[in-house]
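Two complexes, one shared chain (subunit A), two partners (subunit B, subunit C).
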Partner chain A sequence: MKDDELICRCEEITQAEIKEAIKFGLKTMTEVKRFTRAGMGLCQGMTCGRLVMGILARETNQPLSEVKPCTSRPPVRPVPVSVLANRVTDDDQN
Partner chain B sequence: MRIEDHPILGKAEWGRKITLIVDGEPIEAFEGEPIAAALIAAGHRVFHYTTKRNEPRGVFCALGRCTDCVMTVDGQINVRTCVTPARDGMVVKTQIGLGQWEDLQVCGEKEE
Partner chain C sequence: MKAGNQRAEVVKTIHSTEVVVIGAGAVGCSIAYWLAKRGKDVALVDRGGPGAGTSMATSGLVWSSYKEPYTYMELNLRSSLLWPKMVEELGEDVELRQDRGGVKLCLTEEDYINLEALAERQRRSPLFKGRMLSPQEVFELQPGVSRQIVGALWSPHDGDANPIKWVFALVRGCKRLGVKIMRDAEVTGFDLDESNRVKGVFTSRGRIETEYAVNAGGAWAGRLAEMVGVTLGLYASRGQMLVSEPAPIVCPTPMSILRQVPDGHFHMGVTYEGEGFEASSTLEAAEQLAKNAIKMVPLARNLSVIRHFAGLRPMPRDGLPFLGPIPHVPGYYVAVSHSGNTLSAIHGKIISDLIVDGHTDVPIADYDPLRFDERGKGEGHL
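After this line comes the complex of A and B, so read on.
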C-alpha cells in the first residue's frame, strides 16, 4: 500500500495523512477519526475502518486484536429521516 | 454489458423495460434492477465527483456500503444507486460533491 493511496474514500484521506496524525501520539481509532476525519464521511467508516485499524496497529506496534474499533451508533445503514420520524407516505407504500 | 447467463446464478430474470433519464438523456433499463446496473449497461462509468479533489467515482463495493455510487435521484441527494431499484421515469443526475437538494418531495409534500 502506497503512502499517497486514499484510505478514506469519502473524506479523501491518504495513508500518509493518517501516519502523520498517529505521530502526534494518537493511540485509539476514535482519536484518529476525530483528528483526520477518516471515517466521518458518507459511508461512516464502513470502507476505511478496517484499513485504519491496520495502519494504527502497525504504526503503534500493538497487535491488531488490541485496537478497538470506533463506537458504533445506530442507524448502522443510511435511512431517510422519514423512517425515523415514522412518516408513512404514498411513496413509501409503493 | 449484462450477464445474461451466470455460471452459478443461472439465467437472468429481468422486469419490464423502462426508461431512466440520466443527465437529461434517456437510457433503457429493466424495472427493479439497481440503477447502477442500468447505468453500467448503458456505458456510464462516472456517478459522482468527490468533494475535495473533484475526482470521478463510480461503482466500488456494489453492495451499499461504500457510498461511491451515490447520485441525485428524483431530486434526492446521496442515493446509493447500487442498492436502489430502478423505476420508470426516474431522473438520475451525476452528483458534484455532496450534492444539492432540488425539490423536497422525499417527505411526500412540497414546500410552498
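After this line comes the complex of A and C, so read on.
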C-alpha cells in the first residue's frame, strides 16, 4: 500500500495522513478517526475501518487482534431525519 | 494526607515538574498552553489521549448571549474575544466563525417573549450587544430556517468552532512550548505534605513531583476533588447529538441547537439529560432531536443521519464554573465548567494568572470551587 493511497474514500484520507496521526502520539482507532476524519463520512468507517486498524497495528507494532474498533454508534445505515422524527407514528401504525 | 505520604515511599517518581494539569480536553490543554507560555514547566496528564472525553462530544459553540446571570455571560463573552487571539497565535485553522454572530431561534411567541426578557436582563452588562431579530432579518442571515419562526436572539459575539481541531491545535501548541504530555496516566491520588500542600500527583504510571496541580477533569472532576476531600457540587450529564450527511450550505450562521458546520454536515443537539456516567445513545433522543431539527430547518427532513452519539458533560449544580484555588490545599486549583469549549480560552488565562501572578483581573468570586463544600467552609476542615 502506497502512502498516497486513499484509505477513507468518504473523507479522502490517505495512508500518509493516518501514519501522521499515529506519529503525533495517537494510539486508538477513535483517536485516529478524530484526528484525520477517516471513518467520519457517509459510511462511518464501514469501508476503511479494517484498513485503518491494519495500519494502526503495523505502525504501533501490535497484533491486529489488540486494536479495538471505534465505538459503534447508530445508525448502521444512514436514516432520514424524517424517519427518526416520525418514529412513534410509524410504530402506532404497525 | 498520611496515606499519600506512605504511598510516596513505594510509588516510583516518573517525572518532576512545576505544574501538573489533569485532563487533556479543551480546558486542560488551554491551561497547559497558557502556563507554558508564561514560562512554567508543565505536564499535561490524561487517563486516555487528548480530547478523549467531553471535548469530542461538545456542540462546538463559542457562545455567551443566553448564559445567565449576566456576569457569567460576561465571562463567556470575554473568553469568546480571546479565541481569535489564541487561534492566531496557534497558527491553525480551527473553523472559528465569529464574523456573522450567532442566532438562537424563537419557534413560538413564548420563546420570543422569554428571550427578549433575557436580553433585557443581559443589558445590565455594557459588553452585551445582542438584540432580537425579526423573522425577515433572520432569513437574511440564515436562509434555511423555517418560515414559521417568530424571531431570534442574535449576538455579534456568538459563534462556533471545530472542537476537535481546537483541541489538537492546542496540543500542538503545548508540544511546541515543551509541555510534557503524558497519556494513559489516570490520576489515583495526590501527594500532600504536612501542611496539606501539593507535592506530587499519583498516576497509574507513577508519581509526578510537582508544586501545583490543576483539576481540569471535566465531568470526572468531582472524583479528582474528592481525592483531596473536597466536594464540588458537580454531576455528569449525558448529551446526545445527531450528525447528518453533508448538504449545501443553507445555514451559514452559527446557531444553537442546530448548526450547519462549514463542510455542510448538520449537528443536531444537544439533549440535556439526568445524572450519571452512562453515555449510550437512545432512540427517544434521536426522535426528539430530529423533530426539533425539522421545526428549525424544514429541509433537514430530507437529510440522512449518519451518526448519533452521546457524551458526558460536567454539570455544576448551579450552572456556574468551579474556578480557582482550594485555599486549604495549597497548590491545588480547579477549572471546571459546563461551557468548557467556550470558556477554555479564558480558563487558561485565569489559571495561569493565578499560578504565575497570584491574582487575576478577571472577576471569579462567583466561581469559588468550595461553594458547595460544607467541610471546606468550616474551620475544622484540617
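Just so we're on the same page, the second predicted complex is superposed on the first by the 86 of 94 C-alpha atoms of A that agree within 3 Å, B and C clash if a C-alpha of one lies under 4 Å from a C-alpha of the other, contacts with A are read in each partner's own complex, and residues count from 1 in each chain.
We adopt the following convention: a residue touches a chain if its C-beta (ideal position, glycine included) is under 8 Å from a C-beta of that chain, and two chains touch if they have at least 3 such contacts.
Quick caveat: nothing in here was measured; it's all calculated off a predicted structure.
Touch criterion met: A:T47 reaches subunit B, while subunit C stays clear of it.
By the touch criterion defined above, A:M1 lies against neither subunit B nor subunit C after alignment on the C-alpha atoms of chain A. Of the two partner chains placed by the overlay, only subunit C lies in contact with A:G25; subunit B stays clear of it. With both structures placed on the common chain, the touch criterion links A:F35 to subunit C but leaves subunit B unconnected.
Contacts of A:R9 after superposition on the shared chain: subunit B is touched, whereas subunit C is not.
Counting the residues of subunit A that each partner touches, subunit B and subunit C differ, and the larger count belongs to C.
In the superposed model, A:P80 lies in contact with both subunit B and subunit C. Once both structures are placed on chain A, subunit A residues 41-42, 78, 80-82, 87 are touched by subunit B and, in the other complex, by subunit C. Across the complex, subunit C is touched by residues 24-28, 30-31, 34-35, 40-42, 44, 71, 73-75, 78-82, 84-85, 87-88 of subunit A. If you check the complex, the residues on subunit A that touch subunit B are 9-12, 41-43, 46-47, 77-78, 80-82, 87, 89-91.
On the subunit C side of its complex with subunit A, the touching residues are 48-52, 56, 164, 168, 181, 183-184, 242, 244-245, 268, 281, 283, 286-287, 289-291, 293-294, 300-309. Residue ranges of subunit B in contact with subunit A, taken from their complex: 50-53, 55, 57, 60-61, 64-68, 70, 78, 80, 98, 105-108.
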